[in-house]
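Down below are the structures I want you to see.
Shared chain: subunit A. Partners: subunit B in the first complex, subunit C in the second.
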Partner chain A sequence: MTNAVTGAETSNVQIVSEDDVVRVQDLKLNFYTALGVVRALNGVSFNIPRGKVLGVVGESGCGKSQTGLSIMQLTTGRIEGGSILFREFNTGEAIDITRLEKNGPEMRHIRGNNISMIFQEPMTSLNPCYTVGNQIEEAILLHQTQDKAEARKRAVDILQKVGMPNPERIADSYPHQLSGGMRQRAMIAMALSCTPTLLIADEPTTALDVTTEAQILDLMRDLQNEIGTSIMFITHNMGVVAQMCDEVAVMYLGRIIERATIDDIFYDPKHPYTISLLRSIPRLGVARGEKLESIKGTVPDPYSTVTGCPFHPRCPAAIPGLCDAVMPDETFVAGSRTHTVRCHLYT
Partner chain B sequence: MLNFIARRVVNMIFLLIIVSFVGFWIIQLPPGSILDTQIQRLRAQGGNLPESLIQALRTRYGVDDPFYVQYWKWISRSLQGDFGTSFETDQTVAERIYNRLGISVSLSLTALLFTWLVSIPIGVYSATHRYSWPDYIITFVQFLGLSIPGFLLALILLITASRLWDQPIGGLFSPQYADAPWSVAKLMDFLGHVWIAIVVLAVGATAGLTRVMRANLLDVLNMQYIQTARAKGLQEATVIWKHAVRNAIHPLVMSLGTLLPALIVGETLIAIILSLPTIGPLYLDALRSQDMYLAGTILVMLSALLLIGNLIADLLLAWVDPRVRLE
Partner chain C sequence: METARKNGKSDDILLEVKGLKKHFPIQSGFLRRVTGYVKAVDGIDFYIKKGETLGLVGESGCGKSTTGRTILRLLDPTAGEIVFDDPNIGKVDLAKLKRSQLKQVRPNMQIIFQDPFSSLNPRLTVGQIVGEPLAIQGVASGQALKDRVAELLQEVGIRPENMTRYPHAFSGGQRQRIGIARALALNPKLIVCDEPVSALDVSIQAQVLNLLEDLQSKYDLTYLFVAHDLSVVEHISDRVAVMYVGYIVEMADTDSLYYHPKHPYTEALLAAIPKPDPRRRTRPVKLPGDVPSPANPPSGCYFHPRCRYAKDICKAERPPLRDIGNEHWVACHFAEELQLQGVTRLSEIPVIELPRRQAPAPAPTAATPA
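Showing the complex of A and B:
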């Protein structure tokens, strides 16, 4: 709202709900590297309602992980604009995470306790030197109880909850004794051990085989229903989105370019980029693992800035003279209060 | 774990046997029998050797026996602590070695401890404050430490110290304390001498290991599980010392195995300059004068130390990293 020229960046069409656990507004994140500035996030705005699963999709490099890491204040880049309001549901108070000291006590209290995160690589997500139980207990001892026996009991309980066949034994195992799927279950157990308000899952199944992926997705869905944790589910796989999410935010080059409910995204996609993403969903019988790179052209290099709509060099519907000159605003799709898009075709 | 230890110990004993074979073979190596050398030297010192004495020596050293019998005689005597007689001084080899070996081992262990105590915290600091000016200074000092040869540093320290304190400080004691019984004054004198030896011995390894620690920690800090630890809400100090250092310390533990004997022999030059009564100069002497019983015994003992160092390193590593233990 301070920036008059690119007023659209301070999205005034936020889908505002009193029930949001997190509300990201106009988030800007830059990396200062030897080669120049990388503008990783250029004004990202979205919100996650309580108990809902928001899918964040887009090609690799569009800023999904950095958005998640920013919410945890674990990014190595610099947050240079915007705010991240987080509402702890038990206390009801809202905190702007960007104002907290990066490794200060308040931020550390939130991490692992109110917001937790799981990562793409289950094989390397756990420390090889400590038992799985020890690593889960560590979080519980930090946030929930000082009692070691109690922490151990809770760790075994949560391991059971994530479907571990022999939770006592798993707790005493070292990560390298478990398969990738088991390790991801252990990570989920760790992340949920303090019943967080928000779980950020960064491509949690990308590294797993199809069967294991399906099991983990089932598990996450079940636990989400049971515990009521909101999830920010990062993926580049539209098929996974269809299984997991209530709402979807599509990202392109550090911006959210379309935001809608799951039904609207699949049955009434508006943005040309979303449409091409949907076309690239692997169908039954088609080789899996095919990435979304089947969209024409490539993502511009991160050091450059594109004028106009960032998608225009690749967009089949680009309007010459407009799309390559003017950045489209984020607007509601006609007749909807939940579906927004950032494209000149809909203004 | 017990299984693991047992396997390593059996391995070590097996290797020791092989090493002792090689050691004995080297003792045998000089042209002619060892005895000829001995006899020649005795002759050179003048005097006629009675035939009976020569015969007695021949049987004692068993030069007429086949190799394996000789080896057996030698190894069984060695196991009882009789390593033979040094040709050069007619002292027993054991007498000549034990004292010096003790000094060598204690000096090296102290130097090793020094190396670890310095290189771990500095390496960690350097990695966690990468590209800050203290990191640059540490890096600069490291390269100095790596590039100045130990003997040069020994000379520099020796000269500086003698200028500053106006007394020779080579050796382990000042002359007036050398044969004196232990007292507080002697201890102080000893400490005043020994620190130079320890610093000089440790400086190269410390610089190297600081570098290794820094590089390894930087690698480990990029690992996903470090992110996981941070995402739990742990303090940065816990993330570093509990989760990162333990994974970065492997090469330092492994270095124990190789560093120990390297410190003992490798620094012969330093020991000569600082006139330290360690095993290195003795080894050199023994080789030069073809005192083969002495040289062979030192060789076998150093190899045994290497193997023991490796065993300790393996056990420590297994304790640090469960993947090693549960293989």
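Showing the complex of A and C:
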């Protein structure tokens, strides 16, 4: 077994690549609420290589959105440990985002310019008081050029690129005049207007219908090939992951419990949670009339702390005396340099 | 459309909907004058046989939820008949019943709502919520009511001790179970499930789908399952109807519809499902434009502006829903000629067994890698 564990208790396996755009190490994020401390992220580590799409999957409350928001420094929680190294590809310098001031000039320079984000709700993430064109121009004027006419031209260009039928007219429309799919296209246009190094897409298609979703995914794939942006794709839909991503990180209760290439996740998953998740989705043409496999129980209350492996109360393969007492370390799966799992079954 | 009766014996049919329409008025101006109608449901015909699950799919705004609600008379239909075979009074047209008469039929038809957060009254305890239908219908009171509620909660997997707690104390999946218990309270025949799992996480979704299937076989329930997730509908339905802008475009048994679709819209819809198989990346069928507004639908076949097989006749004439054999109903002029692509079975992905560790388990200290 190739246990490439790098010492210390929170030992984190490094998948080394010089080509990383972002390297998150041992990120810890806490929320202090009236009801107690919510430990949203308990040591999350991952990296996104240049030009790749990393899927982050998990059930609601597992911390996948907060991971994305932490990279943007938009989270309302407190980052209390770890680092987020971001490498700007044109300059080649690596910056630790956690050390930047939230509203300081460096962070404001990165946000929207080098890293941008698409949110789940296309209805609420566009400002209803400004035209779509205005909102795209805002980012361009802030980061790229001072020339208003030039900004307008670029805004129309990018709207054309995301497949808007009549970009001039759309640029002069207000969000309420557009359908859900169109608004999400406008969001994508805005996010890509400064050709970011990293795009964080937080459930970009969850609110959309299946035909619109397919079109948006198709568009994102095309643009990704064309611009070469790395994408962190947050979703809970395993179908979307299979169609979009190169690599996958599966999260459970603020930890990454398995990381692998897309093929390994679907054809050779290791962690009992990943396996159960895959078995609980209805698959076309398979086992109709038979029971779906479900994971017993529910995700624990965020205020409580679970000893040992966070998944052990729901795990069908839990080992009494071990899984409920000791937190498993993240280790490489035997014979692989890309597939890591956090489970006692493989240590 | 010919009535369904010629295909199956009429006593097999629990619910038959004929020419159902629901138009919502558009009011504008100071005097709130009616300037038009949103034709949410515009003349649909279908039937549900006893004990089966009919899936109703379509994109948002196609009128599938309105259909479910109109059938239960939560909304009053503009036109059409809703013939329900009530076990006590026999066949009745729900569209014509008065409120007082409806109360007699209602115990046999219930609904489960989409959003488990807004469909339970936050000021009532779980016991009151589940017991309300029993109290209103005067079925039980006092200790008998409590016992029945406890039994119902047990049935859906909620501990009866939780009867005195309020909905906020439960997770989404548990709340949906409470909603199901409420729907079951009066031993209904028909349950309209209006997107019952779309607000839930995948693992919880599987639990709720399994529960619905268990209850169906145990109590011989009939479901109208409204949903937009085509994989879920495929899993649970015996037959499926596809809606587009207030109109049923195709209805058939699940296998025929998914593997041999006859309507171009169904084909596009099926192609768009994101398949959970990274070795099979698909590109969707191009559907130009957006879903038309039901207030101002196009001429002829509503799908013709987006249909790649459209010909002149499609612009002029709206195709009726007709049976092309084996109870496969299609509303397309060219249903027999078109060779359309269905979904491919995803059976090649291996079903992965959970790994098991050999007993005895090692001591905790020994297992920690140094």
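In the analysis below, the second predicted complex is superposed on the first by the 324 of 347 C-alpha atoms of A that agree within 3 Å, B and C clash if a C-alpha of one lies under 4 Å from a C-alpha of the other, contacts with A are read in each partner's own complex, and residues count from 1 in each chain.
Convention: contacts are C-beta pairs under 8 Å (C-beta built on N, C-alpha and C of every residue); 3 or more make two chains touch, one makes a residue touch a chain.
Treat the numbers as computed from the prediction; the structure is a model and nothing was measured.
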Room on subunit A for both subunit B and subunit C (clash or fit): fit
First (subunit B), second (subunit C), both or neither touched by A:V37: neither
Which of subunit B and subunit C A:T124 touches, first, second, both or neither: first
Touched subunit A residues, subunit B compared with subunit C: C
Touched partner set for A:L217, first subunit B, second subunit C, both or neither: second
Subunit B versus subunit C as contact partner of A:E138, first or second or both or neither: first
Which superposed partner A:Q243 touches (first subunit B, second subunit C, both, neither): second
Contacts of A:I95 with subunit B and subunit C, given as first, second, both or neither: neither
Touching partner for A:H176 - first (subunit B), second (subunit C), both, neither: first
Contacts of A:R279 with subunit B and subunit C, given as first, second, both or neither: second
After superposition on chain A, the shortest CA separation from subunit B to subunit C (Å): 7
Residues on subunit A lying within both footprints (that of subunit B and that of subunit C): none
Residue numbers on subunit A that touch subunit C, as the complex places them: 3, 5, 59-60, 165, 179-182, 209-215, 217-218, 236-243, 245, 262-263, 265-270, 272, 275-286, 288, 291-295, 298-299, 316-317, 319-322, 325-326, 329, 331, 344-345, 347
In the complex, subunit C residues that touch subunit A: 59-60, 171, 173-174, 201-207, 209-210, 213, 228-232, 234-236, 254, 258-259, 268-269, 271-279, 281-284, 287, 289-291, 343-347, 349-352, 354-357, 361-364, 367-369
Residue ranges of subunit B in contact with subunit A within the complex: 223-225, 227-236, 243, 246-247, 320-323, 326
Parts of subunit A lying in touch with subunit B, wherever the complex brings them together: 72, 74, 103, 108-113, 116-117, 119, 121, 124-129, 131, 135, 138-139, 142-143, 174, 176-177, 187, 190
